[in-house]
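Notes follow once the structure below has been shown.
Lettered A, B, C and D in written order, each chain numbered from 1.
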Amino acid sequence: MKKIAVLTTGGDAPGMNPAIRSVVRYGIGRGLEVMGVFRGWWGLINEELKVLSHRSVSGIIGQGGTILKTARCVEFRSREGQDRAYETIKKNNIDGLVVIGGNGSFTAAHEFYKQYGIPCVGIAASIDNDVNGLDYTVGTDTAINTALDAIDKIRDTATSMERIFVVEVMGRGSGFIALTVALAGGCEDVIIPEIKVDMENVCHDIVHGNLIGKMSWIVVVAEGAGKADDVANKITEMTGLETRTVVLGHVQRGGRPTAVSRDLALNLGRAAVDCLLAGKKDIALGMASGKIAEVAFETAIMKKELKIEQFYKLVKNLT
Amino acid sequence: MKKIAVLTTGGDAPGMNPAIRSVVRYGIGRGLEVMGVFRGWWGLINEELKVLSHRSVSGIIGQGGTILKTARCVEFRSREGQDRAYETIKKNNIDGLVVIGGNGSFTAAHEFYKQYGIPCVGIAASIDNDVNGLDYTVGTDTAINTALDAIDKIRDTATSMERIFVVEVMGRGSGFIALTVALAGGCEDVIIPEIKVDMENVCHDIVHGNLIGKMSWIVVVAEGAGKADDVANKITEMTGLETRTVVLGHVQRGGRPTAVSRDLALNLGRAAVDCLLAGKKDIALGMASGKIAEVAFETAIMKKELKIEQFYKLVKNLT
Amino acid sequence: MKKIAVLTTGGDAPGMNPAIRSVVRYGIGRGLEVMGVFRGWWGLINEELKVLSHRSVSGIIGQGGTILKTARCVEFRSREGQDRAYETIKKNNIDGLVVIGGNGSFTAAHEFYKQYGIPCVGIAASIDNDVNGLDYTVGTDTAINTALDAIDKIRDTATSMERIFVVEVMGRGSGFIALTVALAGGCEDVIIPEIKVDMENVCHDIVHGNLIGKMSWIVVVAEGAGKADDVANKITEMTGLETRTVVLGHVQRGGRPTAVSRDLALNLGRAAVDCLLAGKKDIALGMASGKIAEVAFETAIMKKELKIEQFYKLVKNLT
Amino acid sequence: MKKIAVLTTGGDAPGMNPAIRSVVRYGIGRGLEVMGVFRGWWGLINEELKVLSHRSVSGIIGQGGTILKTARCVEFRSREGQDRAYETIKKNNIDGLVVIGGNGSFTAAHEFYKQYGIPCVGIAASIDNDVNGLDYTVGTDTAINTALDAIDKIRDTATSMERIFVVEVMGRGSGFIALTVALAGGCEDVIIPEIKVDMENVCHDIVHGNLIGKMSWIVVVAEGAGKADDVANKITEMTGLETRTVVLGHVQRGGRPTAVSRDLALNLGRAAVDCLLAGKKDIALGMASGKIAEVAFETAIMKKELKIEQFYKLVKNLT
């Protein structure tokens, strides 16, 4: 293996840049030439890539987003698109790929590997933390702290004006962000896709709280479990109490990566290069049980089951 | 003058707590007894108030929101409500009021003063910065930095995914927040209530930018000038380009006050006490031309004209 | 078990407050009465403690420091002091203790348990992350992010003025903070107690960097491995280059706990109560292998060996 | 005037980058060619400069430091150095200079203008805020918020451990930062170069505070008024109380510029270009009385008198 390429695909996550930095510098240190592909699979299809030098990744360790840019690429789903991507790889003598992204990226990488046999190692980078077989992915910690910071701010108004707030956080298929920020933010309730919500119960708690003088209330909703407005309307309908909503949205994707997101990204970048050099492929890397873990793409893209009962109960226990 | 009361009304703003701290401690230092009224006018009507000691305001200088809580109070608009508030004032031997809030608060305070003659001094605290005759109010600087922080984060995704974002910030009657964050965030366009927007122009710039390779775009909209979704739909309709929206909402109200918000609040607290002791009344205090300024309530509550042409042009000039 | 007491001892760490909150609320939920002891062991000796209600821990989840205050207590090292502490425990019918702190606290708790048999469970809270048998303690993540934030800022000047900086971070016996922030901050070198430093090597790298145009340099030093000034003087002596120092100091102890610090604290609070109720004692709780782990006090207070070679090498590999 | 050059000199300040961005983009918009000079005067002497395009200043609006780098340049004090700088200017057909920096920079620029007649406009950028005739310079607001953030964190430990802290902040000749953060941080005392300190008084307050139960204390010292260690030793000597020190140092120079620092920088960049085009020269630009102000270099470099009595008294009044 003499030359590898690195690309970022899917939604951007804070920590992609340190991951790129690590792949490039560690790869060069191990004697490889490293190319950067722009806009994910699109760049492979359209031959938008270039050799990255040690210097080219200076000063990006603390930047959100990805200097390689990212995109969701429809063409890559077709055989024709994949063929063109493979041509680029051959033409540029690329011996291995590092794919930084989430489940969608790994599904594509897995298909591509099966079809063309080009060794592919994934770095799990996704704020949703929904890669199966892994406890933690690059970017999650940053997104959680961003959401927590917002909730701390909303708490100021909730307390001062004695109001109910419904705050919608990211997490289409996973309640991980919602659950962790609800706990860390001292939120009174949380609604996630993994657990069926009982709105009567939620509203009962609110009314009961009001009776004993607890007038402010923050309910966190994972986007995959419902819209903030719908939840708020339901609460108003059932309790008669005015309810405000905040949808945190894309703010959660950006920002300077936290220490955890950076260190994980840097370690995974190194591990990805080591894996390729050791002949490993068709696997995603992330953290599991406090260590760097390898998980087959096939496993990684399966539905992740969140072990959260105790966590979920704790939110309610501490309210 | 031996006893004064302080209250916070209207929407909470970061810096209300240091303002309270200053009124209480400086007031005590000048020989006054200071009472804190809870939930704004509602607390006067319902006699929810108590004497605040030097210690009672410890540790609040860096907290968002208001320890006295705040509320919007319908009862106070009626003569009956005002009578009851006045009774509370008489019963508790209160000689003067410090009202911390925005335009709505000052309108009420002005009416109350006219009716009952109780000396009232206002401290301008409103994130919207819409008090006429003043350049800066308590809380504005914090809200702007919160919005800027969010826009910096959104920029990471906008650049990485080469997307158009419409970001809605607070400002019902005023484009102050929108304009300052659009400039500071390097945003490509801004839509404010003070200036009629030409959507064709906005879209022309976007399309032109695309042609010369500028693929990411952030348009800031003041809530008083339109809904983010409407603006985004219009852009998609006119350009065919996918457009995302973020509504920052209540996040902008909370959070630890910045140095500017705290220092202004602390200075205004002192000034308010000095004003009452000097026999001044029916005035609001804020910053104008870099100094603490007094402005009659009657003036303060008039429509504020924003002098922004140069600022607005600069946003476009620097894109 | 009907009544337990909770105390914080040793240096404060961000997350102690959410830990207290969790012990109190979860404890009450499980039918216990929970007393809070002030100023650590000192409060036991001097009978400064009180029952904590559900409400008494409102609003502290996001606050640094500890509402119970903390102290280093010499009297507790004497038999007389311990006797008085035990008397307080008996007099107040306290059946178990939750001790929130680090190694010093656990040493004392272990001795106390051996002597008087009072069940003691520790919650590992120490920014240094030096509790043996545990991967992560409460407060570490916050301290690391604070240090990282400072290093990012120093980087701006290092780059702009093309200067060498030596930055001293906390860690008397452990290089954990130094190593993680050096990696996350993209620092060029790191000096820790666990690995003998070769200053000639450090200086050689700096001079070599200068020759190839790399003019700015940040060296992180753990306080246990040397003084920033000494390191800087050595560098200037050996290279002739001007070198600046920053000692981050106590800034690293405070601040709003991060999501990781809060969630860990909250989970450990619950676990501590569960342990006491299950009859467990003489153990410290923290995180190991991604899960909550129990480790005997005797083990916890032994010298922790940091497995850091790969981490250390990575800092150098990525420079 | 067809071509101008921009340079940053002296210590870096957060906001220099947005100032550069504004000079470049606004300058181009007004039909000028804009060159960037590297490392301040050094770059003029050594002809290190290049034309800056609109794109070259993309993405720097939120970055601390300066992309043009900065240096303190001894050679420029000699006639020979100045001659060489002037040659560069002639050779590159530069018609005017924008100098971004503080007092030292303006002294040099003023001399240079007197000698060679090249029009020079300064943008006041200095965290110390010590430019005479101006109320506010670029970078000050960011530095103050950074220092305040540190003091808020130190407060957590001061309160939890009931300790005295002496915190040294930047400000060689000016107590501006010290005073504003001491007030905003609720600090108990402040020592600045402008006012002779009475250590007996400081210590008396501390001892008195102790007697009435106020056990934690933060004293802010401007670096120009003394060393933190000396002040701490004095306090320990006079009161017998343990005292800790923190020297914030270079952390205060860096970081993402606040909204105020950015907007001021952007407006001054525009104003500097407008001034040069209008034939103005030998002046520095900053904010005074809430507006952009022009002040002759000769005035700007005189000793600035801080009007701070009321501010100073307020710190003590609110303790």
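Before moving on, here are some points about what is shown:
Note that contacts are C-beta pairs under 8 Å (C-beta built on N, C-alpha and C of every residue); 3 or more make two chains touch, one makes a residue touch a chain.
Please read all numbers here as calculations on a predicted model, not as lab measurements.
At the far end from chain A, in terms of centres built from Cα atoms, lies D.
If you average the CA atoms of chain B and of chain C, the two centres end up 39 Å from each other. Chain centres here are Cα means. That of chain A falls 28 Å from that of chain C.
Averaging Cα coordinates per chain places chain A and chain B 35 Å apart. With touch defined as above, residues shared between interfaces to two or more other chains in chain B number as follows: 152, 155, 159. Here, these are the chain pairs in contact: A-B, A-C, B-D, C-D. The residues of chain A lying in touch with chain B in their complex are 8, 11-12, 14, 16, 39, 63-66, 69-71, 146, 150, 152-157, 159-162, 165, 244-255. Of all the residues in chain A, the ones that touch chain C in their complex are 18, 21-22, 25-26, 29, 59, 61-62, 135, 141, 144-145, 148, 152, 155, 159, 180-181, 183-186, 256, 258-260, 262-263, 266-267, 270, 287-291, 311, 314, 317-318.
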